[in-house]
Amino acid sequence: MTIDLEALFIDLHRNPELSFQETRTAAIAAGHLRDLGLEVTEAVGRTGVIGVLANGEGPVVWARADMDALPVTEQTGLAYASTATGIDPEGHEVGIMHACGHDMHVTAMIGAVEELVRTRNEWSGTLVVVIQPAEEYGAGARAMLDDGALDRFPRPDVVIGQHVTPFPAGMIGVRPGPQMSASDGLHVVLHGRGGHGSRPHSTIDPVVMAAATVMRLQTVVSREVDPHDLAVVTVGAIHAGTKNNIIPAEATLDLSLRYPDEALREKVLEKVERVIKAEAMASGALEDPTIETLHTLPATINDAAATERATAAFRAAFGDANVIDPGLFTGSEDVSWFARDAGVPLVFWFWGGVDPVRYATAVANDTVDSEIATNHSPFFAVEIHPTIEVGVQALTVAAREFLD
Amino acid sequence: MTIDLEALFIDLHRNPELSFQETRTAAIAAGHLRDLGLEVTEAVGRTGVIGVLANGEGPVVWARADMDALPVTEQTGLAYASTATGIDPEGHEVGIMHACGHDMHVTAMIGAVEELVRTRNEWSGTLVVVIQPAEEYGAGARAMLDDGALDRFPRPDVVIGQHVTPFPAGMIGVRPGPQMSASDGLHVVLHGRGGHGSRPHSTIDPVVMAAATVMRLQTVVSREVDPHDLAVVTVGAIHAGTKNNIIPAEATLDLSLRYPDEALREKVLEKVERVIKAEAMASGALEDPTIETLHTLPATINDAAATERATAAFRAAFGDANVIDPGLFTGSEDVSWFARDAGVPLVFWFWGGVDPVRYATAVANDTVDSEIATNHSPFFAVEIHPTIEVGVQALTVAAREFLD
Amino acid sequence: MTIDLEALFIDLHRNPELSFQETRTAAIAAGHLRDLGLEVTEAVGRTGVIGVLANGEGPVVWARADMDALPVTEQTGLAYASTATGIDPEGHEVGIMHACGHDMHVTAMIGAVEELVRTRNEWSGTLVVVIQPAEEYGAGARAMLDDGALDRFPRPDVVIGQHVTPFPAGMIGVRPGPQMSASDGLHVVLHGRGGHGSRPHSTIDPVVMAAATVMRLQTVVSREVDPHDLAVVTVGAIHAGTKNNIIPAEATLDLSLRYPDEALREKVLEKVERVIKAEAMASGALEDPTIETLHTLPATINDAAATERATAAFRAAFGDANVIDPGLFTGSEDVSWFARDAGVPLVFWFWGGVDPVRYATAVANDTVDSEIATNHSPFFAVEIHPTIEVGVQALTVAAREFLD
Amino acid sequence: MTIDLEALFIDLHRNPELSFQETRTAAIAAGHLRDLGLEVTEAVGRTGVIGVLANGEGPVVWARADMDALPVTEQTGLAYASTATGIDPEGHEVGIMHACGHDMHVTAMIGAVEELVRTRNEWSGTLVVVIQPAEEYGAGARAMLDDGALDRFPRPDVVIGQHVTPFPAGMIGVRPGPQMSASDGLHVVLHGRGGHGSRPHSTIDPVVMAAATVMRLQTVVSREVDPHDLAVVTVGAIHAGTKNNIIPAEATLDLSLRYPDEALREKVLEKVERVIKAEAMASGALEDPTIETLHTLPATINDAAATERATAAFRAAFGDANVIDPGLFTGSEDVSWFARDAGVPLVFWFWGGVDPVRYATAVANDTVDSEIATNHSPFFAVEIHPTIEVGVQALTVAAREFLD
């Protein structure tokens, strides 16, 4: 290899960028793709990058990596930990961190492209490399598609992609059918009436309204969803007030709803909205809450036949024991939009990023949940090796499966 | 009058400054006091100003006005409404507004000093004008005292001060004994464990912990305080999270506690802390919540004899019908520290700032609570006239009562 | 005295009877009154008793004692503790106890009548002794009035009555104006949908609905009532379900609301109903909750002039130090209906029932709340002496004040 | 048939008996079994009945039916609806209903025994009929085993049993492996301090403590259990207080916990106990809650090989389309104890009891959850035909599978 992937990963990790602000990351990725000989277009869907490697007759494979980071203040203690800060969409200064591993996604993609370029005599077809922004807002795939991605570049016959996850490094997790959940993001504004902290009766206290709403929302999952069904209702953010002696006029809640079975979406949304409205009534609010949909993500559903082909290739490459069915994930992705809009198969898999010994020890001690940091945690850390190598190989193997 | 007090008020209203950031306001006040012939010292207790008018033998009267504004985004729709913004102590950009009328306090003080200077042949003694910062943080009086105010300037024989309030303009409210409540401000950090919004079981959700805590804190007043006693437990601010699909690692609550009877302080604090700790336990938190005292304010207790003298002077000046006993306020003040530290009497009163016709109409319609905005509301607005004139006269009358 | 009042008290204490079931107590009281020469009518207002002692020209004084006990299982450990049980209005078997001291009320009344009969040559007028049932349901006074009490017996010029309370024995507490609170009792049925405990999604869980309602009701007092105002919202009973693995179809709540200022009644009732309805909506209930008013009690307001007379008489009899202003009580009484319906003055006072040394020790240790059991507690116990003697004397003194 | 099974079912339905009080039901079942020629032993495990039909060499099959009813007041409106009442273990009078179909279980068992007797020449072995009490308390199987059932009667080679459920009549649901959940029943007493409803501060309010506990328990499922795992935490009963104006001294909660994966048991129990204790601390309780285990039920796990045999027999008898995998049930059973204690295979299945047309209509309208009453609902009603016939046949077919 001529590209120093470890250095690339560390550089990306040190310089995370929030969704739709990934200008530095995009420029780096575009630079590498150009150096490797691809025809590169920048600013597709605001900050997205598309690189095309036309290599003769044959199928068109879209290989996608997402590149945005999160408003999380890193606490890993790594030598190359991020100290970056930025301004989030609501104007607050926040720490920024690659707490979801998209730095590794870009790194592995660049490595895989280098490998595919190196072996271009062995395969035939067109590779379209999609460096996508704003996956964390569930908005980047849609932005690229709305910017004409399917029309401006060779249309795919298959879409592939991968996500690093807290498995032991060396393992691949993939399954046909439902792989990740559908999801909705809601931004809720509860309208109260502000006033002096010493005169609650002259106000309609939105802090209490918000607290009661959060408590009541727990009952959607605990009481109203069939225990056999999988649904998650998370309030990821709650904000109200500026000072202890002022009762503010409103409070905001940011909700993340998950349901692998899209049939649950409407029911859960209806229940959540019912609770939010009723709790405002219980507070005597003069105005209904404002409920805004931040994003709507489809379930990530792997095509059965294409996934079978990819899985067989993985087994051949990594050994049967290292390719598992990881089960359905409650997390969500917007990669599906590329395949859904194009009407073609999707294959999306996970690969491990944790030191295998550390993982095995945690399993033995039943401390996986407390010791192995998950995606989005401020302690999330990917073992550099062999994670890069396995990620490069997985992408290469899958692409070759469809390009050969 | 040679100073245009209306222009001064409007200028101060348009240019509000947060606690301990009142450099512009302090400079304006200092300028006027110097122009009026007082010996002025700036930067007493960070941004405070003290002006001394030595006018022969006689008592020393400290007249205090506070000058800081609040992190509230003005919604009054006034032509001279504030559009100022600033950075609060936690680094967030916030709107700033004189939502507590301290602009009027400074204005009335400057007018009263002008009047006392004009009539200096009629009285004898020393007037010490105290322009205090950071009343809203309960920290400004303490800062001035810690900066040697009692030693560097003539010690008081009496401390006087006033606060504008949503009474009809023209009315004075004053009572001997307890006038305002003792108060504590608490900043609480609830420690959870962060993670992905789709994997709540791998986290200790601080949003739910905070919501449960807020709901349980309601029971301190509803169940644990004798219904005959007056206590207020307000959570003025709640903050957690940056994004809907990340469960954050911690949440913060800012509490304002009020009790006119200082004997309740210890009991209420103990109950509040018990609830906060137990709710963290209910969440399975691995770490106790961090509870920091932001400020501790004493009850504002008017000296009986001095208040009787001032009240008689008010009755003579404004008529019996316009001088009422306003009852005990649940709000709090740090003006007491000046009198307590010096061991001298305090007289602190309220004066009205609402158009009397509008007020009477609201009383008739039983809409006072919903239509007359209270201090700290984004709709709080003081009727310029006759509020300035009554404020000037009240301060002058009270000062002359003790200086004659 | 010829009647053994201690034996009478112990007998009544051992044989408590629930509201409107006081047949034994009524018969005993009626027997004594007849023996003393009064003209006695039984079954006035179901189980009430009225005795008339016409003693020449002069005013008519109604002296009232209530006689019912409570569904409380006694835990005092007294030698003469009650072991009685009975069936409450909902058909449950409950322990019964004189946990509110009505046994002492009847005892003191019989003693006072004996004394007034003995001294009948010293006064002139008519004494009407009212032994009232069902004070604890707020229904007994109304029942007697609805049964024609004002028409069938000499109409009062004044109504007097007394209540034993956890003061030191020997003390009288009385004040002109508001003495006890207005109160409403509500019985609420929350309608859910029952089902198997393992299938919550097929039900509308009334246990969760009830719990959320109770938590939200706390905010009426903590947030919506002016901290200067006194209001109490108590849920005294909550019931749902028969078995851990059946989700029941409904839940019941029994509320007691208190407000010394009757102007608060409508506001608090409206807020309470708003919360109850909204929480049912939050649960997705298909039917609004049923809210039934169990009783509505007026504030107990002492007539100023008559109370001044009685207080002066108490001071003369017991010494100034033993007659205090007890402040406003949050408890409620239905004695007012007699005076309100007749349009005459009411004087209602408290007398102490706790051993003075024990009380003083608790005050010194700040353990009054935890060690001196209040009315309605299973540990409530009245010191027999001198409570009987003081109660007899207080009633006699007050009656004589109006009869002389 | 000579026994009128419809009449038997209606008679049992009209005369339901609570757990361990099933004397009438037991006598009827014993009578029929004796009439059919079995050797019958009564009072095995208090009210249980065992009938033995020794029919030559061969395997021993235990066929079990449970017979107790529930404290539910029937609301089906059926002509033969129960109007029975009884006294539950806490001494309350409750309505009684066969809301779980055990009347049908006994009926089908009697019919199957009659059929097996009739065809005794066609099979060889020993049939042991187990009429079990107190399944609803999770106590009856244990009681029979503790009473020596395995020693006093021929030991089983296989245990079979069935449960009627809201499937379409005609359908059989069965699966190898986990079929029903493990379960624990907890009875919790929360210790507060009682007092007068108007003096909450002198009490420790157990109603609020209970409500806060119920709300917090919702978060065990909504936040602390992996969304992929199935767990149910139901509070089926909450009780406190006797009267609106008395704050009681304690509250009780009855919990039903479910987890098909027994590995979850310890974790969920620990979380539930943590919440209950912490909420008592939040209330300032002076005593920890009392937590008593009412019952502990194992998961109902069907033996793979035996279930395969029975399923094949069902398919042959009812057609492939009528034998489905019903998935894992969140409900629980104590039938497992017979097989676990004996160390032999278990086969336990469900059969449908709803009119197929009504069921299909509800499916089409997406109203199954609201219109088809589940077990334990006061509206639970079994379609008499063909439910009896299918139940008889299913038992007969399964028994014959192992006896032939």
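So that you can tell them apart, the chains are marked A, B, C and D in the order they are listed, and the count of residues begins at 1 in each.
The working rule: a contact is a pair of C-beta atoms (placed from the backbone, for glycine too) under 8 Å apart; a residue touches a chain by one contact, two chains touch by 3 or more.
Keep in mind it's a predicted model, so treat the numbers as computed, not measured.
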Partner chains that chain C and chain D have in common: A, B
Result of counting contacting C-beta pairs for A-C and B-C, higher pair: A-C
Gap in Å, rounded to a whole number, between the CA centres of chain C and chain B: 44
Length of the line joining the C-alpha centres of chain A and chain C, rounded to whole Å: 64
Shared-contact residues (touching 2 or more other chains) in chain C: 198-201, 203, 205, 208, 212, 215, 218-219, 222-223, 227, 232, 258, 330
Touching residues (chain side chain D, partner chain B) in the complex: 198-201, 203, 205, 208, 212, 215-216, 219, 222-227, 271, 274-275, 277-279, 281-284
Contact set on chain C toward chain B in their complex: 215, 218-223, 227-228, 230-233, 258, 327-328, 330
For the chain C and chain D complex, residues of the former touching the latter: 70-72, 88, 91-94, 99, 136, 181, 183, 185-187, 193-203, 205, 207-208, 210-215, 218, 232, 234-249, 251, 254-256, 258, 294, 329-332, 369-370, 373-378
